[in-house]
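Read through the structures below before going on.
Across the two complexes that follow, chain A remains constant while its partner is chain B and subsequently chain C.
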Partner chain A sequence: MLLPNPRLCARCLTARPVVLRPKTQERLCKPCFLLAFETEIHETIISTNIFTRGEKIAIGASGGKDSTVLASVLKTLNERYDYGVEFVLLSIDEGIKGYRDDSLETVKRNAQQYEMELLIVGYEELYGGWTMDKVVGQIGKKGNCTYCGVFRRQALDRGAELLGIKHVVTGHNADDIAETVFMNLLRGDLPRLHRCAHITTASSTSPIKRSKPLKYAYEKEIVLYAHHKKLDYFSTECIYSPEAFRGSARALIKNLEKIRPSSILDVVKSGEAFAAMTGDIGPPAAEEEGEGGCGSTRSGGGSMAAEERRLRNKEKIVTRGKANQKGARKRNEQKLGSCVRCGYLTSQELCKACVLLDGLNKTVPRVEVELEGLKTITDGVQRVDLHMDEIKRAAAAI
Partner chain B sequence: MSPSTLQTCKRCNEAPATTNIRTEPACPACFLSYITHKIYKHLEPFRTRNLKSSGTTHKPRNAQSSTPTPAPAISTSDDGRSVPFVLLAHSLGPCSTVMVDTLLNWRRSQIERAGRPGFDVGIVVVDDRKYGTDTLPTTGASNAEEWEKCIDAVREKWSADCNDGKNIWVLPLDSVYEDPAHLKQVVEKMSNATSRLDLVNLLRDRLIDRLADQQKASFIIYGDSTTLLAEKTLGLTAKGRGAALPSLLGDSINSATSSKPTTSTSSKPRKLYPLRDLLRHELHNYIALSPNGLAPPTSLPDRGKAKELFKGSTATATKNDTIDELMRGYFETVEEQFPSILSNVVRTAGRLHTFEGGFLKGAGKEEDEFERSKKGESGGRRRTFCTACGGDVWADEAKEDGEDRWCYGCERMLLGAEDGVRQAI
Partner chain C sequence: MSKPVTVTLEFSGGLETVFNNIKSRKVTIPAPEDGKTLDMGYVVKYLADNLLKGNRDMFVLADKIRPGILVLINDADWELEGEEEYEPKDGDSLLFVSTLHGG
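On to the complex of A and B.
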């Protein structure tokens, strides 16, 4: 058998290779790498049927490499393969100075480059003046990702609803999913283990469907794609992202990749197998966090020490023989309704965001989730006209 | 981490605490009692009260047999009552040593108390030293002389309990194939250290399973600690063997505490892991505190390299390391600081449903799966078993019935391997 000439691209056999693909260890020239990367994402989209012709889809855009590559690839593929869908950009402004304000500038440029509508939903407007800077000022860095995750999830849902959209795609890549599989194994979260490797997740507590078209794309290849395509993205990590539980899983994944590059994909495949082996076992122990397009999708999860404390307490409760019966009864009684304060879907009287806001507001006058004054960005892009009556209708529908 | 000498044991509130049970200070007596209690909890299938009481003296397995043909699986006493035959897989490492010691001493006490044991026992040691990696010995003893000493110690100590030593087997890993040279050729064809070790692990299990089948054993007992099981759980996940976790780790992840003794010779032997509630360092501690002079027959494996491999968050792994080493290093840190997280991994894996009879067992999905499978609908895919590892594999991803089927994990193991390996395995 003739071995391919290492001085030539393994696919076209004519050009000089410039990329050693982390995923397959192939040496490829630039055009062949870009095509291979795009084609794999197209195959993922087609094989999983995530798009429906005529659908309007929001891309959760943070200005980071993942969401920028996602927007670029989806625009390319939509034109090349005629999916017949319309993409818009949806960004969340957490109010983190020196991080999000800069990255949002990138998103605004992306909106112009890709000729997509852009809507920015801000925590400040939505949560009565609470930006993440203020939240961290109040509670410190520890555990701030929980607030951010809960707020972002609701903000994304509200933003999508305002745009009349039922489907949001996010830039979660294979590394992120592999980290999540490990994290869920470590913290024993079976409901999340069940669905973390799914390409599309629909939750009973959210009217919006979320998909991850970059599910099989390696983080390293995403960076290579952005580099070779000269994409305009913002590369700073969130300044409040602590050394979290996820950090431990992430370091493990990075080491695994060095030992056997296919490991990342192998963990994702194992995660898919776990989904079939867990069945549908109800909602997760806590509200989702870290989902939905955080610029640093690696945030969240709390610390290892906190998790250890939680598990020890749980063991004590189980030993006393109370936890199982109580938990089972509670799960059976769960009924989906609306938050009495803001109208968001919840199984409790108050949604998680309102509960967190209550905690924050203990020392300051009470505020509620607000829909007035949501920011719209129109810089040379098709305008998103939002009237207050529309906003209220949308809020009622959530 | 030993507690302050001023502390008293939290369990008996009398003796001074010299060690810890997880986070609680404990005295040696309470610690030893805790360990044995945790092990006995998983030995329910072998209690004499689970057998019909006979009052007759137990006849050692194979005692009547002078022919070279394999003896019947279940020892049968004069009145027709039987006890299950248990095969102990012994790696000669400290955890295995605790397992063998505890189980066989318990069996001796059964004979003393009830006049008969609740089970018959054999010990198998697989000699895979030639195929271990340099940094992670697949057995605790890597030195040839020391290894021989260990084997002699096992024979000397336990022959009387294992049918005068007839039920102690030392099998070279090469014997998995008819031609002993074949294994070396196959292993050398693998593309990387992880795949080589993966194959060795797979073949070791195959050899033990084969012996258990030949001897018609009802149970295979492994001395894997919680730490090792957590390492295996994440390691197998990283190798793409997630779907095979229940079949590869057996009862380590599926509770066996309520099971009754299996005497059927038609069913496959069940794998039990009675040390699954105990951390590796607890078992090492048990050896150190054991009053009956329980010394490991071998020195502890060198853990230095593994620990260094995952120190802090700096990535130091290289292509020549293995996934097993990485996991060992990772969980060594976790074991020290976060033992509950480590136990949680094994517990979580235990909640994954198995596939039995080709269909998802548990979660009330069997019928659904079956019906949808018949209609060929999505979500109703049929499961079958991998030719190489016995793990689950989607039937529609595999070849036609009767041909070899390879699960995703085995395919990954063979990635980049030289031609002909698939047929050779």
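On to the complex of A and C.
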């Protein structure tokens, strides 16, 4: 047998190779790489059976490389293999000036390029005016990713609901999942480790199914695919993301990849093996985003983890208190109902977003008192000023 | 003794933000003063020292390309071309693209 000529593509044996595949070390020319990349995603879709003919599916689109590649590949595959599904783009406007407004322009172009319907849902409309800019203005940069994560998850669900869609696909790739597996391992969070490894998450608190068709795709190949296919994407870092814990996990993974490229996929597989070993453990996925939630899949950091832990502990205490009252002590017996305020599925009286909103609205007056002295104008302050005007007017009327 | 080379540099994937928002530019890389070879290892350090305007860690760690940044030489993965040892020629296109930025 002849050894393949390293100066030629390993598949077509004629063209100049331009990609060294991290998974297989195959040297491929541009067309062979594009086809290999697409075919692997097709195989993931088929072997995991994530799509049903006739289904309408929303692609969570941020304008970034992952979701842009996802939309492009899914369009190609749906046409090539006749899945018979319909894709629409669903974007979240977190209300971050200079960050999301630019990337939304990219999504709008993508909608035209891929001939897909586009729906943009904003935090501002969904959460009573609380854009991320305002949240950060209120609570500072620390811990804001928790808000963004909780808000984002519900926003995708609500957007999907508006579109009458029961299935959302996201652009999480093998690097993201490996990163999350690492983080959960380092935190000792096995229930989450378990969940993040699944290709589809049917969360018990969400009526909307989530899948990650790029789960086995390397970030390197996603970027190369976007480059060689000349896709139009937007790259930026969320201006509020504190690159702490997740950033370190990411650096670790990139370093491992450099030494042994198969590492990333090996970590993903390890996550799956853990999931298979542990079975269904822990409480249901209570409105949690497996990948740690921020607009960009790689934002969020140590402070977010800490904040989430704090929230979860708080929740546990509340649950325990209630359980004791009712005499029911079984830990996993969390009954699902609707949030009394907004109707979102939750095991508590209030859903996580409403709890966070409560906190934000409650702190408004206190922060304003502190800020007024500093002559800092926030919307909260303006709102209080309005109240004062109303009171004065009312007083004048009497 | 190497001679200077003129190449087209491109930065993308968010990396342009630490290179004064340069997306594409023709640049002449002078020959190393110490008589060493003008290879990609030298180019990377030269760019970090002379063209980089932002956070150096976004591009290099200890003068080597930071893991997670892809380098394409004439559109081919530099791992296929010998990485740091590749000696660029006049007219080569060198693309640096970050995979580290989100969207």
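Convention: the second predicted complex is superposed on the first by the 319 of 398 C-alpha atoms of A that agree within 3 Å, B and C clash if a C-alpha of one lies under 4 Å from a C-alpha of the other, contacts with A are read in each partner's own complex, and residues count from 1 in each chain.
Note that contacts are C-beta pairs under 8 Å (C-beta built on N, C-alpha and C of every residue); 3 or more make two chains touch, one makes a residue touch a chain.
Note that the coordinates shown come from a computational prediction; the quantities given were computed from them, not determined experimentally.
Of the two partner chains placed around the shared chain by superposition, neither chain B nor chain C is touched by A:149.
Touch criterion met: A:233 reaches chain C, while chain B stays clear of it. Looking at the shared chain after the overlay, A:122 reaches neither chain B nor chain C. Contact with neither chain B nor chain C is seen for A:60 once the two complexes are overlaid on the shared chain.
Once the two complexes are overlaid on the shared chain, A:213 sits clear of chain B and of chain C alike.
Residue contacts after overlaying the shared chain place A:186 against chain B, while chain C stays out of touching range. Looking at the shared chain after the overlay, A:255 reaches both chain B and chain C.
Within chain A, the residues touching chain B in one complex and chain C in the other are 251, 254-255, 258. Contacts from chain A toward chain C in the complex involve residues 16-20, 27, 30, 62-68, 103, 175, 219-220, 222-224, 227-228, 233-238, 241, 250-251, 254-255, 257-258, 294-299. Every residue of chain C that touches chain A in the complex is listed here, in rising order: 12-14, 17, 66-68, 70, 72, 75-77, 79-80, 95, 97-103. On chain A, the positions that touch chain B within their shared complex are 181-182, 184-188, 190, 193, 243, 247-248, 251-252, 254-256, 258-260, 262-263, 265-267, 269-274, 276-281, 304-305, 307-308, 311-312, 315.
Listing the residues of chain B that touch chain A in their complex gives 23, 192, 194, 233-234, 236-243, 245-246, 309-310, 313, 315-319, 321-323, 326, 330, 334, 337-341, 343-345, 347-349, 351-355, 360, 362-365, 392, 408-409, 412, 415.
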